[in-house]
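Chain IDs A, B, C and D follow the sequence of writing; residue 1 opens each chain.
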Amino acid sequence: MSSKFYAVVAGAGPGTGRAVALRFAKAYPVVLLARTPDSYQSTVAEINQSGGRAIGISTDTSDVKSVASAFEAITKELSGLKLAAAIYNVGSGYKRKPFLELDVEDFDASVNPNARGLFNFAQKAIPLLLEAVPESEHPPTLLITGATASARGSALFSTIAAGMSARRAIGQSLAREFGPKGVHVAHAIIDGVIDIPRTAAFFADDGVEDRKLSANAIADSYWHLHTQHRSAFTQEIDMRPYVEKF
Amino acid sequence: MSSKFYAVVAGAGPGTGRAVALRFAKAYPVVLLARTPDSYQSTVAEINQSGGRAIGISTDTSDVKSVASAFEAITKELSGLKLAAAIYNVGSGYKRKPFLELDVEDFDASVNPNARGLFNFAQKAIPLLLEAVPESEHPPTLLITGATASARGSALFSTIAAGMSARRAIGQSLAREFGPKGVHVAHAIIDGVIDIPRTAAFFADDGVEDRKLSANAIADSYWHLHTQHRSAFTQEIDMRPYVEKF
Amino acid sequence: MSSKFYAVVAGAGPGTGRAVALRFAKAYPVVLLARTPDSYQSTVAEINQSGGRAIGISTDTSDVKSVASAFEAITKELSGLKLAAAIYNVGSGYKRKPFLELDVEDFDASVNPNARGLFNFAQKAIPLLLEAVPESEHPPTLLITGATASARGSALFSTIAAGMSARRAIGQSLAREFGPKGVHVAHAIIDGVIDIPRTAAFFADDGVEDRKLSANAIADSYWHLHTQHRSAFTQEIDMRPYVEKF
Amino acid sequence: MSSKFYAVVAGAGPGTGRAVALRFAKAYPVVLLARTPDSYQSTVAEINQSGGRAIGISTDTSDVKSVASAFEAITKELSGLKLAAAIYNVGSGYKRKPFLELDVEDFDASVNPNARGLFNFAQKAIPLLLEAVPESEHPPTLLITGATASARGSALFSTIAAGMSARRAIGQSLAREFGPKGVHVAHAIIDGVIDIPRTAAFFADDGVEDRKLSANAIADSYWHLHTQHRSAFTQEIDMRPYVEKF
């Protein structure tokens, strides 16, 4: 592969992260970030073995130093290449609990990865995306994974809604600030359960096919967003299974 | 072309309608509906001459009989084929006027094509899309073109906002009713000026490239929506030029 | 009562219309509009007998001539008074039916009263509200009753969602055009069942108190909206029973 | 004053906080929370001197211990009284800066007071509000002050939008969880500049009267929200000057 560009996926574990990494690896070398190697190792190996190029870096996006050190490693390792796409897909462990059983650590446990982490990640990714604007085939893109809770606070979802709403607000702000400079910032509301090993048992018995989102289908739409012409940028897209109530 | 499926584009005039017809004609025979042949003739000819298949039918979608007669002609002409995609792109002549200078004919002139027409069109298209569910490669799709006024009523935009908001509401209702039956209903908010002959003079002097939406770029996203897997349907997407204020 | 101002309530039947008329009658002479005298007669009598002043006029707001003739009668009858508040509360008979069992008459049956009627009513009311701006104690107000379907199209709700979304869009447009001229335009999303004779059987057995909206409670909030200072106008408010899912 | 209930206002400085405290003090003893006595002292004195009852407590709502200690002091000081209304009005110092000139401390400086502080405050206030449900004249109420940035991320507003969107999401979650238990949770989007000493110079020369929100007008609407019947709770209200663009 002789691309002059690369992509970075933060939150590269099983599900959307892995599928997006595989999809973008068809066009670009890909950097996978996750808190622990367990989350990215097998995908990195798979890409490298099938003729692509991938690197994994253990990173805690809610820690500004960890993000800085990851991007130092990236620009050293991929020196000469430019950043065409940055995907923020970090997910939090979410606790579905009555509000009065939560404590402030639960609040932080959502806001840190879901919003503060995006803030840190964007601080490092956007300058690199801006550098790619004059040369890249597709407009340099920051894609942000959202969820139902990004647009609505529900009972028992206060902490996740706080973190994901903040995340969406950051995405909107960045789209409005950096769109005119040629960087495409888009936010995807993934409204439903994704079909990954962890969710294998969900809806197992209801007999409805395609009841859970295919991570590859999500990745196809992410790739499409990346390839949109700058005269027709999407800022927000939703995706949900055809049978999902909404 | 040996497709077993076809597409129908209502509002097939210059701009989005024509571009979408050309894009879908790469995969399907395409039916172009517009009030007068002027709007579709050259596109029909272009598709037929370049190896595709196209038919044009003069139709006033706000007239239930006209729509019925168009679909009769379609099912006769394309007998044996099934409907894979129906695009509602009919646009109204919009009068930007202070509210107190409008009269009720201006209200009707927006609501009839923008909302009543979609109602009539969907009444005929959805049964055909449902028939295609078991066989079509991509989920049968009803795509609806919206605008800024679909989501917001602004000063001097009361009539267009009324019609376009009603249109969006119909789209949401249909998505919720027919999604679970396998028909994908999506609404696109096109937020900005489309680059067509009629808008050639808009922003002519500001020196900003790609200031107006490329109709082909819109058509690419419509095609992507059509190809989405049913586990990850998008209901609403926005598109706007990178420099657009929003 | 020696008020120099009056109020007009369109859609003055049992429920919100009647309660709003009674509430505003404490401060102003009130005109009640409804399609038939049955809807307003008893409320008019009640107001007149208890020391207030009320007039009823049979009006079909979706008919521009009927609205014109009502406002002619009003300005003759209440000559010398100015319009302080106009409330649009006309409701449609709504048919909850699968989309493919509807026909275009069902579409019209929603859009005509819900949106076209507001258009007609506002055409006549706004010039009168503008005249009251310099003198009225509270900013002259146009209040519009909305519903769940005003903000969301649900399965089986396509026609009502079309009409109510159009109505809300008109309200937003008018707020943005006439707010700066001193007329307060507000829209209330009433999300739930109102406690009126027609709904007596709804939830009859669930044992939950105050399960249905009190029309008087709605009227209290309408009156509050009317009295808001022009430096702090509300454009949209929602109201729902404490136990309502949303 | 012999009320069996009291109110607490967090963020009781000049502007909305002070005005709300004065308004609620007409009915209840009021507790004013602010980071420093400067913010509440004069209002506390004013209330006590004019026949009401007020207490001020220095509190940093983003610090869980500070909030706990404030509520300990409150329940000791006002022992025997129940909490009828809790208002969260804490505002952050907002830095309007290009995204790439911010750092993560700016993110925290918004999220801590705007969202984490509400989380902490609600953890302590809601159990007290629930206790008041069976007895209070008006449904016990948690009122949350929002802003334009609560519903929209704009260029240069990324951090404030993150914090305020998270705050709104918490409010929605609490409304849905505690509404059915009788506690009214409402969020007010204050869209515009409030007329306080700090903003005296804003729009000073444009000659438009009432160009800035009157804090007393906001307080009137907060009081109205507090008095709403539980069959007709408002969850969200917006307020803006009549001349505000939106």
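The rule is simple: a contact is a pair of C-beta atoms (placed from the backbone, for glycine too) under 8 Å apart; a residue touches a chain by one contact, two chains touch by 3 or more.
All figures in this text were calculated on a predicted structure; none of them were measured in a lab.
K.L.:
Between chain B and chain D, which partner chains are common?
P.N.:
A, C
K.L.:
Where centres are the averaged C-alpha coordinates, which chain has the largest centre distance to chain A?
P.N.:
C
K.L.:
Between chain C and chain D, what distance separates the C-alpha centroids? Give it in angstrom.
P.N.:
So the centre of chain C lies 31 Å away from the centre of chain D.
K.L.:
Quick check: how many Å separate the C-alpha centres of chain A and chain D?
P.N.:
34
K.L.:
Measuring from the mean C-alpha position of chain A to the mean C-alpha position of chain C, what distance in angstrom results?
P.N.:
Averaging C-alpha atoms per chain gives centres 46 Å apart.
K.L.:
Among the residues of chain D, which ones contact at least 2 other chains?
P.N.:
176
K.L.:
Report the complete set of touching chain pairs.
P.N.:
The set of touching chain pairs is A-B, A-D, B-C, C-D.
K.L.:
Which of the residues in chain C end up touching chain D in this complex?
P.N.:
Touch residues, chain C against chain D: 139, 176, 179-180, 182, 184, 195, 210-214, 216-218, 220-221, 224, 227-246.
K.L.:
How about chain D: which of its residues touch chain A in the complex?
P.N.:
Its residues touching chain A are 64, 98-100, 102-104, 107-108, 111, 115-116, 119-120, 122-123, 126-127, 149, 152-159, 161-178.
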